[in-house]
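Here the chain labels run A, B, C and D in written order, and each chain numbers its own residues starting at 1.
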Amino acid sequence: ACSSGSSANTADNGGDDTITIGFAQVGAESGWRTANTDSIKSTLTADNGFDLKFSDAQQKQENQIQAIRSYIAQGVDVIAFSPVVESGWDAVLQEAKQAGIPVILTDRAVDTDDDSLYESFIGSDFVEEGRRAGEWVSQNLGTEPINVVELQGTTGSAPAIDRKEGFADAIADNSNVTVIDSQTGNFTRAEGKTVMEGFLQAHSDIDVVFAHNDDMALGAIEAIEAAGKVPGKDIKLISIDGVKDGMTALADGKISYIVECNPLLGPDLAEIAKKVVAGEPVDKRIVTKDEAFDQEAAKAALPDRKY
Amino acid sequence: MTVVESPASTPVTMLRGAARRVRLDRRYLPVVGTLVVLALMLAVGGGRYEGFVSGRVLSNLLINNAHLVALAVGMTFVILTGGIDLSVGAVVALSGIVAAVAFRAGMPAAVVIPVVVLVGTVIGLLVGVMVHVFGVQPFVASLAAMFLARGLCYVIAPESVPIRDETFVSFSDVSLDLGGGWRITGAGIIALAVVALALWLLHYTRFGRTVYAIGGSQQSALLMGLPVARTTVLVYVVSGTCAGIGGLLFAMFSRSGYSLTGVGMELDAIAAVVIGGTLLTGGTGFVLGSLIGVLVLGLIQTAITFEGTLSSWWTRIVIGALVLVFVVLQRVLAGRRVA
Amino acid sequence: MNDLLRHRLFWPVVALVALVVANTAHQPDFLAIRTLDGHLFGSLINLLRQGSPLLLVALGMTLVIATRGIDLSVGAVAAIAGAIGLTFVAGAGDPASPATVAIACALALGVCAVLGVWNGFLVTVLGIQPIIATLVLMTAGRGIAMLITGGQITTVTSAPFKAIGTGFWLGLPIPVIIAAAVLVGVALLTRRTALGMLIESVGVNPPAARLAGVSARGLTWSVYVVSALFSGLAGLMIAANTMAADANNAGLFIELDAILAVVIGGTSLAGGKFSLSGTLVGVLVIQTLSLTVTMLGISPSVTPLFKAVVVIAVCLAQSPAVRERLAARRRPPAAAATTPEVA
Amino acid sequence: MSEATAVVEMRGITVRFGEVLALDGVDLTLRRGEVHALMGENGAGKSTLIKTLTGVYQPTAGSVAVEGRPVAFSGPGDAQAAGVSTVYQEVNLCENLSVAENVMLGAEARRAGCVDWRTTRRRAADLLARLDVRIDPASSLGAHSLAVQQLVAICRSLVVDPRVLVLDEPTSSLDADEVERLFRVVRRLRDDGVAILFVSHFLEQVYAISDRMTVLRNGRLVGEFRTAELPRRELVRHMIGGSLEVLEQIDQAPRRAVVAGAGARPVLQAVGLGRKGAIQPFDLDVHTGEVVGLAGLLGSGRTELARLLTGADRADSGRLRVDGRAVRFGAPRAALRRKIAYSSEDRKGEGIVGDLTVRENIVLALQADRGWARRLPAPLVDEIVERYITTLAIRPANPDALARNLSGGNQQKVLLARWLATAPRVLVLDEPTRGIDVGAKAEIQRLVADLASQGMAVVFISAELEEVLRLSHRVAVLRDRAKVGELDNTDDVGVDAVVDLIASGEAS
C-alpha cells in the first residue's frame, strides 16, 4: 500500500495551497550558517503558507543526498538545499526530476552540465566577494608597498578556493600588494588566532590581514593585540561575511573593511518556491545583494543588524 | 522405512534445528540482538511516520550506504584481529579524487576502476607494514596513513571534481526495479558482493580462521604456528582495498571526487562494526553484523529526516541518543559478557 | 649512551629538537624570549600556551588509556564547558567580576564531572565498549553545546575570564601555569600514591586485578571523570583564548591529537604502563609540528602530508624492530625475542 | 634401548635476554622412538630451550639440526612444517574459538580452497576421542577449565603426525587418570618412532615415561642420563646442585598436625552455597589452623567451589558466614576485606600482571586492600618483597624484573607471595604447586603447614591427590560439580579411600 513514495502527499492535495518544502541544510558550522537557518525557518512558516521539512547534514554530502532522497520518497512539493560540495549531485537531482519535484539551490551552486536539474540558484558569488576585498585593498592601501597575509578557509572548500582566487585576481596588477603568506584557519576563531600568532612570529612586517571570514579575523585580532600591536592601525584587517561580531569590530575600527555575504536567504527562497510551484518562470541565477562596509557604514548598519 | 513424512514435520524439524543452532552458539547473540532492535526501530518508525516502512525508503538504506558497507566489511577484518583502521575515511576521499582526476584526464573506466581500488590496497599495505614489521600501534599507523591520504588529496585536487565519464555514469545509474518500490543499484550489488566475499574469506578459508585466532590471542596464534605476520599485513590490505572500493562506490554515489569527503567516516564504519556485535578487543564478531550495523546507522539518519523539524543541535543529540538506546538494548538482549 | 639511545622517549625528543632546530634556522629569534610589561613573550612561550589545553586533555586521556579505555568525547566536553562558562558570564549581571567568573567555571566543571560520570557509567556499569560509549557523547555533546549557545558563537568581554586563556601571572601565561600544575598534580597523585600502580594493573590484566582486590570499576569510573574534568578545564581555556564559545569548532579533533600525543609518548593503547612525561613530550611534538607548518610557510595543501611524514618517522624510529636493529649494531648480538611474553 | 638415530641435535645453545643469560652452551639430543625428559628447577631454562628449538627465540650462539640438517626456524610455523610439534607451558590457545577450531587451526581439511567444516570437525572429534576427552567439539574453548584446555592443546599437537613432539609441562593440571591416558598416547607415538621431549616436575611421571633425560641447572647443561641408571636422589642432586638439604625437607615434609579445636566456630562457613551451572549447593566449614583439601577429578567443580567461597564468582543460592556472621561477597575485594584470599589456578589469565614488576605484583593485593591513597612505605615494601623472594627462592631475585619475563614456576611463586603478603585468615589455594619444582614444592607445602599451625585456615586444591592428603586435616570430595562427601584425614585414610569416595560418592 505504502510502496510508492511518489504518491501525492496528503497534506496539500486539497484546495489548500500549503507548499511542502524539504530543505537540506549543510549543518550549523558557523554563526553565518545559523543565521541562514534562522532566516529560512522564520520565513517558511505555516503562516506564510509553507510546511517546512528541515534536515541538517552535519557537513556531510552523503547525509544531504540521503535527506534529498528521503524528501523524494516523502513526495514534497519543492526541494531546496545548500550543497556541501559543488559536484556530485547529478544522480540524486535526476531522481528528483523524474519524480517531478523542482529543486532550488541556496548559498552554494552545483557543478553540473545539465541546467534543467534545478530551477534556480539563490546566493552570493564567492569569487566576487574575494575580488571586492582585493579591490578595496588595492585601491585604499596599495598606494605604497604592503605585505598581506591571508587566512584561508577550510582547505578545498568552495568559498576558500573562490575567495582566494578573487582576491588574487584583484591585486594581480598592483605590484605594491604582495601576499607573503597564506595558511588555513579553518574558518574558526581559535585557529585564526593560532595561525596569526605563527604569522606574527614568522614575519615582522605584516601590514594587512585578509581573512576569508569574520571569525578568523576576530581570532587574528586577539593574536595581534596579544602581541602588543594595534589592529586597525599597525595591522589592518579585511574580511568577508559581516556577522554581528565582525561588524562590531569594524565599527570599533579593529577591522577596516568587510564584504558582506548575506545569509538571509529565506524571503528570496519563499518567493522563488511559490513561483516554481505555481509554474511561473524564474531566473536561473539570483545573486543576493551583498553590500560592503567600511567603518562608517558599519556604525550606521549595526543597530538593526539581526545576525 | 517408507513412512510418508507428515507435512507438519518439516517446518517443525527446521524450527528445532534453528532453535538448537541459536542455543548452541552464544556467539550469534549480539547479531541477533542487533537484528531484533533493528526490527523494533522499524516498527516504532513505521508507527510514527507515514511511509517509513516502504520499499523505497528501505531500498534507500542500502543505496545511500553502499560505500559504508564496504568500509565496515574491511573494518570488521581489522577489528577482529584487535586492530583498528582510522585511514579509511581519507582513503575514500583519495580514491574518489583519483577517480575523478583520472576521468577528467580522459582515461577509460577499465583502467581507472582497478587503479582506484589499488590506491586503497597500497595504503592498506602501508599501514599493515607499519603495524606488523615496525610494531607501530594500529591506531597511530592508520592515523598517519589518514594524514597521508588526506594530504595527497589536497595535492592532487583541492576542489571538488565532477565525474562525467559516460561508462562510469551509466554504470552508476544502473538500478534494478524489484517491484513494490524496492530497487537495488549497481553500487548496492557491489556492496553485497563484498559482504559475500568477506563471509567466504572469514568462514571458509584458513586466512579467516587465522584472523579470528589472532584476535583471540596474538601470542597463542604465533605459538600455534599460524602465519600471524602475513595475516596481520593482509588484514590491513583487505581493509584498504575495501576502502578503495568504498571510495569507488562513493564516487558512483556522488559522481565526483572531493578532498573533504569522508571526514569522520571511519568513525561511522567503526560504529557500524561495533553495533553489529563485534568486540573491539578482537576475536568475536561477524561480518553480517556489520552490514546490519550500517543499516541501523542509515535508519537512524532516515528517521531524523522523517522527523523533519529537528534543528542541527537536536539532530546530533538525537543521533547520540539513538546510538545509545541501540547499544544498550543490544547488550540487554545479547546478555552480559565478561568484559 | 646506550641507555640514552634505548630510552623510550629518545626519538620523540629527537623529533622535537629537530623541529625546533628547523624553526630556528628559518627564524633565528625563534628561541628568543622577551619580556614585555614583565610578561614573558616569544615563540616558545606561545607554544606552551597553545599546547596547554591539549596537554590537559592528553593527561586525562593517558589515564583512560592506561585502563584500556579511550575517550572520544573530550572535544565535545570541552565545547560544552566553554559554552556553559561563557553563556553564564554573558548572562550574569556583572561579567567582569571575578566572582561571576569563578561561579561560571565551577558550574562548567561541575557539568563536566557529571558527563564524566555518565561516560564511566556506560563503560563500567553497562559494560559498553569505551570507544562506543564515548562516541555517544562525542556526537550528542556538540549538540548539547549548541543547545546552550543557541547555535550562535557567544562572545563576551570579561577580563577575569579572559585571563584563563591569555592572562599572565608572575610573568608566565596562566594556562601554562594551570597545565603545569595539573601535570605535577597528576604525577604526584599517581606516582606518590599507589594510584598509578593500581590503574596499571587494571589495564594490564583486569581479571587478575579484580582477584587482587583492586576496585577496577571504581578506578575506571573515576578515570573517565578525571578525563572529563580536564577536558572541561581545557574547554574553558579554549573559550577564554578567543572569548568566544564556538560549540562546533572548540576542541574539534582534539581527541585525535590527544591520543596521538599519548601514543608518541610511549603509552600503549592496549593499556597498562603509562608515562606522563611521555605524554608531555608527545604534546610538545604535536604542538611544535603545527607551529612549524605556519613558521616555515608550508602550503596548507601539503600540511597533512608533512604531519604524516613526521608522525611516521617518529613512530618508525620508536618501533621495537628498528631499535633492535640499532641496538644490535652497538652491542654483541642478543637473542631476538619474537614474542614479548614468556611462559 | 639401543642408540637410535638422532632426530634433533642442539649444540652449544646460548640464549641471552638483556643481562640474563638464560642458556649457556646447552646440548640436547633427541632420538627416534624415545621419550626424553628435560629436567631442572624453575628457571633452569627448559622452556627457553624448547622455544629456541621451535624458533620462538633465535639463539645467540649454537646450532640446531633436525635429521642431520642444520635448521634455523623463524617461528613455530616453520618448526611445525618440519614436523616439530609443540605444546607450550602455558596453554596457548584461543578462547574465543571452538574446541574443534583450536585443535584444527592451521590444519583444517580443505576442499576446493574452502575449509571443509564437516571433515574438520570430524577429525577434531577423532583426536579428542583418542585422548578420551569427552567434550562437545563445537563448544567454546573458553567455557572449559584449564585442565580441559591443556588436553585440547595436546590434541592439537597430534594433528600433524609429528616426528618430534615437545610437551612442556603438559601434565601440570591433569589428574592421575588424565595423565595415564596421555601416557598411553605418548607410548604409542614413541613406538611409532616419534621423538618426544617431555618436561615435568613430577618425578614419578618422569620415571614412568622417560627413557633418557637431560638435566639443566641455571641455564647450564649438567648432563644426559639414562633414566633407568639414575636414582631419584641423584637426579634431584643434579637439579639443585650438590646440597641435599632440600631432599631432606622433602622426606620429612609435614604430615598434617592435630586438628585444632574441632567443634569451635568455623572462620568460614558455607551453607547451601551454590551457583547454577557451576556447582550444586554445598556445605563447608573451615576452621582456624585447619587445612581443608578439595579432591575430585578434573572438572569436578573444585575451582567453582573455591571461587564462590572467595567472591570471585557470585553465588546464587545459600549463605556464607565469616566468624558466624553472614556475609555477601559481591567481589573478591569484599572477601579480601575479611582477609579471605584466593589464588587462581590460571596464573596467566587471572594471576600475574605481566607488565608490572615482581615487586609490584607481590604487593598488589596488600596495596589494593589499603586503598590507593595510603601507599605502602618503601622500606616496608622492600622488606616484604625481600622476604618472599628469599623464602620462596624466586629467581631471578630481582624485584624490578617484569613478571612476564619470569619462568612459569617463578611466576607461580610470585603469585603465592602476593597472597601471603596480605596475611590472610583464610587462604584458598587453587593448584598452587602447579609447575613448581620439587624443592620449591616441598618449601610451599611446609609453608602451608606452618601457616596453618600459626592459625591460618587453608583451602587447598591440587591435582595431586597425595599432596592433598599429605597436607589436609579434612578432605572434601567433589564429583560432577557437587560435593559428595567429606573425610577426616586420619592416618589410616589413603589415596584409595578418596578414590573410592570419588567413584562411589559414599564415605567408606
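Convention: a contact is a pair of C-beta atoms (placed from the backbone, for glycine too) under 8 Å apart; a residue touches a chain by one contact, two chains touch by 3 or more.
A quick map from chain label to UniProt name: B, C = Monosaccharide ABC transporter membrane protein (CUT2 family); D = Monosaccharide ABC transporter ATP-binding protein (CUT2 family).
Only a predicted model underlies this, so the values are computations on that prediction, with no experimental measurement involved.
The minimum number of touch steps separating chain A from chain C is 1. Farthest chain from chain C, judged by C-alpha centroids: D. Centre-to-centre spacing of chain A and chain D amounts to 71 Å, using the average Cα coordinate of each chain.
Separating the CA-averaged centres of chain A and chain B is a span of 34 Å. Chain C and chain D, compared by their mean Cα positions, are separated by 44 Å. Residues of chain D found to touch two or more other chains are 56, 75, 88. Within chain A, contacts with two or more other chains are made by residues 27-28, 34, 37, 155-156. Residue numbers of chain B whose C-beta contacts span two or more other chains: 154, 158, 219, 222-223, 311-313, 315-316. Here the chains touching each other pair up as A-B, A-C, B-C, B-D, C-D.
Contact residues on chain D toward chain B in their complex (touch as defined above): 56, 75-81, 86, 88, 92-97, 101, 105-106, 108, 110, 113-115, 117, 138, 140, 156.
The residues of chain A lying in touch with chain C in their complex are 27-31, 34, 37, 152, 155-156, 181-184, 186-191, 193-195, 197-199, 201-202, 215, 218-219, 222, 226-228, 245. Residues 130, 133-137, 139-141, 143-145, 147-148, 150-152, 154-155, 158, 219, 222-223, 267, 270-271, 274-275, 279-281, 311-321, 323-324, 327-328, 331, 336-337, 339 of chain B are the ones touching chain C in the complex. Taken in their complex, chain C has these residues touching chain A: 26-27, 30, 36, 41, 43, 46, 50, 146, 151-153, 155, 166, 238, 241-244, 246, 248-250, 252, 290-291, 293-297, 299-301, 303. Within the complex formed with chain C, the chain D residues making contact are 15-18, 22, 47-48, 51, 55-60, 75, 88-90, 168, 312, 331-333, 335-337, 342, 344, 349-356, 360, 364-365, 367-376, 404-408, 418.
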